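Sharing a structure below in structure tokens format, with a few things to ask.
Here the chain labels run A, B, C, D, E and F in written order, and each chain numbers its own residues starting at 1.
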Amino acid sequence: MDGAAEVRITRREHFSAGHRLFLPELSDAENYSVFGPCSNPKGHGHNYRLEVTVAGPVDARTGMVMDLKRLHDVVQAVILDKVDHRNLNLEVDFLQGVQPTTENLAWAFFQELAPHIPKGRLRRIRLEETDRNSAEYEER
Amino acid sequence: MDGAAEVRITRREHFSAGHRLFLPELSDAENYSVFGPCSNPKGHGHNYRLEVTVAGPVDARTGMVMDLKRLHDVVQAVILDKVDHRNLNLEVDFLQGVQPTTENLAWAFFQELAPHIPKGRLRRIRLEETDRNSAEYEER
Amino acid sequence: MDGAAEVRITRREHFSAGHRLFLPELSDAENYSVFGPCSNPKGHGHNYRLEVTVAGPVDARTGMVMDLKRLHDVVQAVILDKVDHRNLNLEVDFLQGVQPTTENLAWAFFQELAPHIPKGRLRRIRLEETDRNSAEYEER
Amino acid sequence: MDGAAEVRITRREHFSAGHRLFLPELSDAENYSVFGPCSNPKGHGHNYRLEVTVAGPVDARTGMVMDLKRLHDVVQAVILDKVDHRNLNLEVDFLQGVQPTTENLAWAFFQELAPHIPKGRLRRIRLEETDRNSAEYEER
Amino acid sequence: MDGAAEVRITRREHFSAGHRLFLPELSDAENYSVFGPCSNPKGHGHNYRLEVTVAGPVDARTGMVMDLKRLHDVVQAVILDKVDHRNLNLEVDFLQGVQPTTENLAWAFFQELAPHIPKGRLRRIRLEETDRNSAEYEER
Amino acid sequence: MDGAAEVRITRREHFSAGHRLFLPELSDAENYSVFGPCSNPKGHGHNYRLEVTVAGPVDARTGMVMDLKRLHDVVQAVILDKVDHRNLNLEVDFLQGVQPTTENLAWAFFQELAPHIPKGRLRRIRLEETDRNSAEYEER
């Protein structure tokens, strides 16, 4: 394979978590007008689908951009172990003070993962909150 | 069509909700040993997929067992409006005192819906909590 | 394997077709009140997902209830070649005078297929009109 | 979050519609040779899956690129209300004279939606006609 | 909940394996005529989707028919550890001498799992070889 | 439509194949440490999902970037007929000496297909080995 060719690999993971979208300075009614039912004060949750994309040249011997098993292990340790079956507003260190929208989660997951992936290789985080709503953050 | 022929129709719906599995008389550690991460005291949640099956003869003129739009409206009013973006432990009248497992939810939804469907026609409730775990309750 | 054991096999197929739900003796407004947007006079259509289930003992040598390739060929010839990319109200011989609801289609497909499957083996037709609406007809 | 960071959000919608691919100056046989079974003169249809992607910086307070509920409302009013359960050749104002291929639909939907989304933010329309065939139009 | 009410729970698992359908007494050409491309002498494989259904009354305290985590552990130990990333013709003790069709696999998995599930509770094994072909074995 | 507008179309295909990841100069234990269970000496396999994306201007008369039926025929002849129900290590001419990882397959399929697609139009190959692992190769 041409040494310069870049291939992208994607690992898909799943987790379930609770969250609430709200601004503490607003009343419940005001929060509802901004965030809709996602502002429910007693919380709710989702099954999130997470995609992590890594890009790079393909190793001539192994045929891999990066071992997908190792990529899974990194995502498990850095993200899934902290968010799965957790309350995203209250229990995740790197989300303190972050509004847990799909947009912010995608961006925050990228920042958390990047130091654990060979430099410049983490390309994209895509996160589905439901079958209908998703967000992605990409760096090229 | 043969007058005696019974056909089953199924409507698939979605909702997102929060829940916690626990027994109040147990400690957090004891609850974890029974319910695993689903016992997380700060809650979490899921995107639930709900299937409602109604069986009956097909109307000779309309070709319908039951108008699927009307079935949707019933499920919306009786179930979805009460559980979507809600905390299943705290906010649903008909789930007070019910452990919100997928099994119990399927059974409870059946009891709630049955009085609103022509007698003897509600056949099955199937509920997926995740892509991997589901429960169904059926009456023939 | 125990000679009496019955196993069910299912083949899933797809087709796209147009249809309109209406009663000719009603006005467009009356049809709309009965059938909703499916009564649109200029037609519309769907990608249908069809499941055909055959049950029987497993052949001791081949390990098959019935060759799935042969089952596919039968469904292709008897159903798919007649309905795929067709108008279900106007172009399908065995649907003349049939209201093309999912219920009626499931029942009609069963009647068409049964003579082409070893006697008593065709068990169920399941038809999805959309991800949300489906019908099934079963004989045991 | 870094003020310059752009995140993409995607809303997925569904509609069912009828269409026919043909050129009026050709015979039915000639149209079949160009468009295959999609040229069936009596029409057929599909369940379309539509994805609308909007890109922009994330609002520091709400954590949103754009309220997904508002995005849904725009897509509903500008696209879905006009195409769902309609004949795409005959009943959609902005498709008059347009061959209703997936390619042309994706492009036309982009043009219709762009004026209703904050300037420069609409990024991509992706449209699946079936599980096997899709088209996308993107502006960066 | 009514003490007699039976609820069914289903756990969905995945594995990838290789197999070949053939009869040793036949030539390659004869095997092809019986089994088609699945008889390829150098083997091929599939991503199998496995569903295990257990039925029973719901425990009044836990709200469970059976702990789904424990069900997963049983399926992992009894089935998945033996078949995942394996050659089904050559490497699975309980499949020696079994033609590895989807039918036979579903039946064999049922026999293997039954002794590890509370007596009479294992209800159904459903196995998808591809999105189009599946088999199920059920005992009531 | 604006003459310069480029639209992308994607055709999704499926095939099942067997493979083994290994380096002949390594022992089985060493191969396991590099490739994990994918190095199983007796082979295994997957249901692959293949997406082929072609980009170009839309033809003013037909509304097509390229006839999707013709695109399918090319993919069938150039790729699917060679890999479906085959052993990717042993039976595919253009994969001789290639480690059959998802990365290498995506890249190799691109090279094979490019000469059969109008020059510069083949844009991307995306290949899913399982629901969790995929690779894509893109040229712009």
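Just so it is clear, a residue touches a chain if its C-beta (ideal position, glycine included) is under 8 Å from a C-beta of that chain, and two chains touch if they have at least 3 such contacts.
Keep in mind that this is a model prediction, so the values were computed, not measured.
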Third chains touching both subunit F and subunit C: D, E
Inter-copy rotation, subunit A to subunit D, in degrees (Cα atoms; steps of 5): 120
Length of the line joining the C-alpha centres of subunit B and subunit D, rounded to whole Å: 33
Separation of mean Cα positions, subunit F and subunit D [Å, integer]: 27
Between subunit F and subunit B, distance of the C-alpha-averaged centres to the nearest whole Å: 41
Shared-contact residues (touching 2 or more other chains) in subunit D: 131
Pairwise chain contacts, counting only pairs that touch as defined: A-B, A-D, A-F, B-C, B-E, C-D, C-E, D-F, E-F
Partner subunit F, residues of subunit A touching it in the complex: 1, 5, 7-13, 58, 61-65, 68-69
Subunit A contact footprint on subunit B (complex, rising order): 14, 16-19, 37-38, 40, 42-47, 84-87, 90-91, 130-131
List of subunit D residues in touch with subunit F within their complex: 21, 23, 34-36, 98-104, 106-107, 131-138
